[in-house]
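The following blocks contain the structures, represented as structure tokens.
Look for chain A in each of the two complexes below; its partner is chain B in the first and chain C in the second.
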Partner chain A sequence: MPTSVKVKTLRIDGRDVSAREDQTILEVARENDIWIPTLCHLDGLSPVGACRLCLVEIKGSTKLLPACVTAVEEGMEVSTQTEGLESYRRMILELLFSERNHVCSICKSNGHCEMQTLAQRLGLTHIHFPYRYPSLPVDLSHELFGMDHNRCILCTRCVRVCAEIEGAHVWDVMGRGVDARIICDLNQPWGTSETCTSCGKCVHVCPTGALFERGRSASEMDKRPEFLPYLTLMRRAGGE
Partner chain B sequence: MSKTIVIDPVTRIEGHARITLHLDDHGQVHDARFHVTQFRGFEKLCEGRTFREMPSLMARICGICPVSHLIASAKACDALLAVRIPDAAADLRRVMNLAQIVQSHALSFFHLASPDLLLGMDASPAERNIVGVLRANPELAKGGIRLRQYGQQVIEWLGGKRIHPSWVVAGGVNEPLSSDLRDKILAGIPEALGIAQWALEWFKRKLEDYNEEIRTFANFPSLFIGLVNKRNELAHYDGTLRVGDASGKIVAERLDPQDYSEWIAEHVEEDSFLKSPYYKPLGYPAGMYRVGPLARLNVVDRCGTPLADQEWAEFRALERGAVLSSFHYHYARLIEIIYALERIRELLDDPAILSKHVRAQARPNAFEGIGVAEAPRGTLIHHYKIDEDGLMTWANLIIATGHNNLAMNRGILQAAKHFVDGNKLEEGMLNRVEAVIRAYDPCLSCSTHALGRMPLVVQLVSPEGKVVNEARRS
Partner chain C sequence: MILPPEKQPMPSDDKRWRLVATAMRRHGYKSHGLIESLHSIQETFGYVSEDALKFTAKMLRVPLSQAYGVASFYHYFNLKPLGRHSCVVCRGTACHIKGSAQILSDLEQLFAVRVGETTEDGSLSLLSAQCLGACGIAPAVVLDGVVMGRAEAESIVHRVEEVVAA
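Now for the complex of A and B:
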């Protein structure tokens, strides 16, 4: 740690905590075992603040702020678990579930899905929005992996891990709003990609069953994203 | 003035249906129709999905017999992989399929049918249910619950859960059997077998009280179809199709299930979401056939296990040819429970069942696959087509209950003509018509590819659509 980094003190959920000035609220909360739900965030990838599940209340601010991209400040008073926040988080999850076809019971990631686990933890029992039932394709053109757009929540972990860690930048996002879609290279079948190295990192950071290994049946696709913190740690160590 | 009687919904069956009885000017039944009023659409909604999801997806067709769909679907997927799955995997699937037969037959006989048999067809509907059975004959009710529990327990032990286990996969199963589990399953067999034998004896003693029903409950000549093994014994997991006629003669055998479309075609009725398959060589509607426990016992030369073989011989001695009354579906079901339990024991006694090699790995090698197995209610056919990547492009399912559609329609007409008098309608008359359907233990959730018990409404409707009379069961 550079010696010039200052230490800040703040309160999270009534607890006094100290942090380095370059840390985010989410990092500090996790260091202190304070749980804030996330889906797009993954340690080792650049934060994007896309899923909005980590929104927190900050005293003096009329806006809710995403903990994953908000830097700590001296004297900040943060609330992570208010009734209002919980209802917003449930609503965000309900919107995700209603937007595409998340059929847990037959999903390859059933029982291993971060969104499913989060829904259970937040006590989600019903989806109060009408389902959109979009007609979305499954891409099985790749030799080893498959992409099911029905299960994608556009967290962009795959885009980031491929660009930032593997350095191939196979994935990106096309379109806007509800029409946004993860695409491969120049919007072509995965199996025809010339940039994909078939490393499988995207598959294992995907929080849902959108990216999977071929040959897996329902409930069989467990994800192993643990490689990422080790990889980033090793690279940092190698660079110093 | 002609009238129509509507029985809607039909109770104590799996799914939703309605029966209409058309009366002539003298109040006598001249036609009867069985309408399946639910629509599912699984053949369409699977399109575009990966074939490896099919066992789990297709199992969602039904919460009563998900295992049957798992098995037929997984076999169709094996055909897409074009592999021979490990023997232990096939045997483990067999055990699960047999456990499914035990629990489903127990549900049908003890929970759904036994109220009619124990309390009588004319008993008050308020009493005529499993709770009434528990009051009148606790041993029967408890035995039934225990037997069903055993079947469900075996499914859970093998697959991790009772309903919709995801253990059966394309290429085999995803976990081998441990010796502990094998011992647990074996330990439960003597008790289950005892209950099944006791229930069968009880049922046989009851038979003489039901001569009229036996004579009129869909008691007519038809073909019978079922899977048999190489020795022409019962086969629920694989084998070839055998077709027998009413005289007990075998009219076709060693039919490869892969060629089912050469032998079976489907007719669409205007008033039901349930298609009517028929035996092609005889055409529609003469090619009417029955499947399920009664049909299976009619087409085999023996069951293949000692206790079941004895019972089978006695059963087939009921008539000179095939046993024709659908009332005897109940009888056949009890014999099959005994067979299933004996067969599970045989399979588990073989040490090879503990083999760790239980899954064949392959990519799709064929673009069309057919899986056929015997579900509790009869022959179940899953037929899939995929594209080169393995995405589903087409599916056709022929479900056990569907095969029986023509025979069920014919059966309710026979019973309605005999029992229903439109001039003085009694609840017991209509219950007998329902009981014919119940004898087939139809699963309409399956066959139309919901569970619930709604109050029964019987309406006498004039041709102008005016309700002349109404009886309501709540």
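Now for the complex of A and C:
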């Protein structure tokens, strides 16, 4: 870290905090034990601002801004928990639940799912939107892992961890809008991929039960994303 | 061994690959030339085949999944060969209000084909566009590259029938 980094001071939820100028609101909030919900964000991966759950209010701005990709500014006054924000966050989660087939009781990640945990924490009791019930495939062609598009929320953590950490870029997103899908290589079965190294990083960063290890039954798929901060730290140490 | 782009073998003996390779060279075989390369493939072959995507990925050193992702994101690129005739119906807001949905469903019914697909006999590909940017002449339909503005469902269907039968 360069020694000449400037320090900015700002207020988050009425608390005075200081931050390095290259930090995001989310980073500073987490350093100060202020909770902001996220699904697509993961420390060690590039931020994309896709899930919109980390939206915060900033005094003087009529727009809601995603905390994970908004840099801190001097004198900023940030609110992370207002009534409006909470209702938007619940709405975003409801839309995610209604978009595909999230059936927790038979999901391998039941009890270990970030989206489920978040829904419980935000007090989600009902989905007020009609479910779309799309007909989506499950890819079980890989001998170790499986991909269930019914549970995918297109957070692109798998895409980013594969491209940025493993360096294989097996995954990407195809199509657009409601037809968007996570694809493997040229939209082919995972088991036929020549680029996949079967490292399993994508499986363990997936926040839901979309990516899982085969041989696990309902509620048995606990994720172990701890490798990511470890790898990030070791690579930074190796680069110095 | 990884060969430099200049020495990569062409996917087949088809001379048209050289046109594609030339387009890639114009952009220095850089990954940001991906969309331009796909354009040249579509112009040369009429569609973007799996071989073409593999070739592009290798030449520009972009991941296969990214090449497919980009090609599938833009409606302009066809991943399957088109029929002898193509009909693009605009689905923009103005065209929608002027009844493009009716035109689409009429054509779908008459030719027994779904939007984005080609009839079984390969005579017609029915496509849609999000907006052709020709809202002033809504609803807009492009039949074999010719724009037809202020299209009425009946006359359009009739015209398409004529062209396909010819």
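Basically, the second predicted complex is superposed on the first by the 240 of 240 C-alpha atoms of A that agree within 3 Å, B and C clash if a C-alpha of one lies under 4 Å from a C-alpha of the other, contacts with A are read in each partner's own complex, and residues count from 1 in each chain.
We take it that contacts are C-beta pairs under 8 Å (C-beta built on N, C-alpha and C of every residue); 3 or more make two chains touch, one makes a residue touch a chain.
Keep in mind the model is a prediction, meaning the values are calculated, not measured.
Student: Just chain B (first), just chain C (second), both, or neither: which does A:G75 touch?
Tutor: neither
Student: Just chain B (first), just chain C (second), both, or neither: which does A:G84 touch?
Tutor: Neither partner.
Student: Could you say whether A:M174 touches chain B, chain C, both of them, or neither, answering first, second, both or neither?
Tutor: After superposing on A, A:M174 lies in contact with chain C but is clear of chain B.
Student: Touching A:P229 in the superposition: chain B (first), chain C (second), both, neither?
Tutor: Neither partner.
Student: When the two structures are overlaid on chain A, which partner does A:G215 contact: first (chain B), second (chain C), both, or neither?
Tutor: After superposing on A, A:G215 lies in contact with chain B but is clear of chain C.
Student: According to the stated criteria, A:V138 is in contact with first (chain B), second (chain C), both, or neither; which is it?
Tutor: first
Student: For chain A, which residues are in contact with chain C within the complex?
Tutor: Listed in rising order, the residues of chain A that touch chain C are 159, 163, 168-176, 183-187, 195.
Student: How about chain A: which of its residues touch chain B in the complex?
Tutor: For chain A paired with chain B, touching residues are 105-106, 108, 110, 137-138, 140-141, 146, 148, 214-220.
Student: Quick one: in the complex, what on chain B touches chain A?
Tutor: Within the complex, chain B contacts chain A at residues 48-50, 52-53, 55-57, 60, 164, 166, 169-170, 174, 361, 363, 389-391.
Student: Would you pull the chain C residues touching chain A in the complex into a rising list?
Tutor: Of all residues in chain C, those touching chain A are 50, 53-54, 63-69, 72-73.
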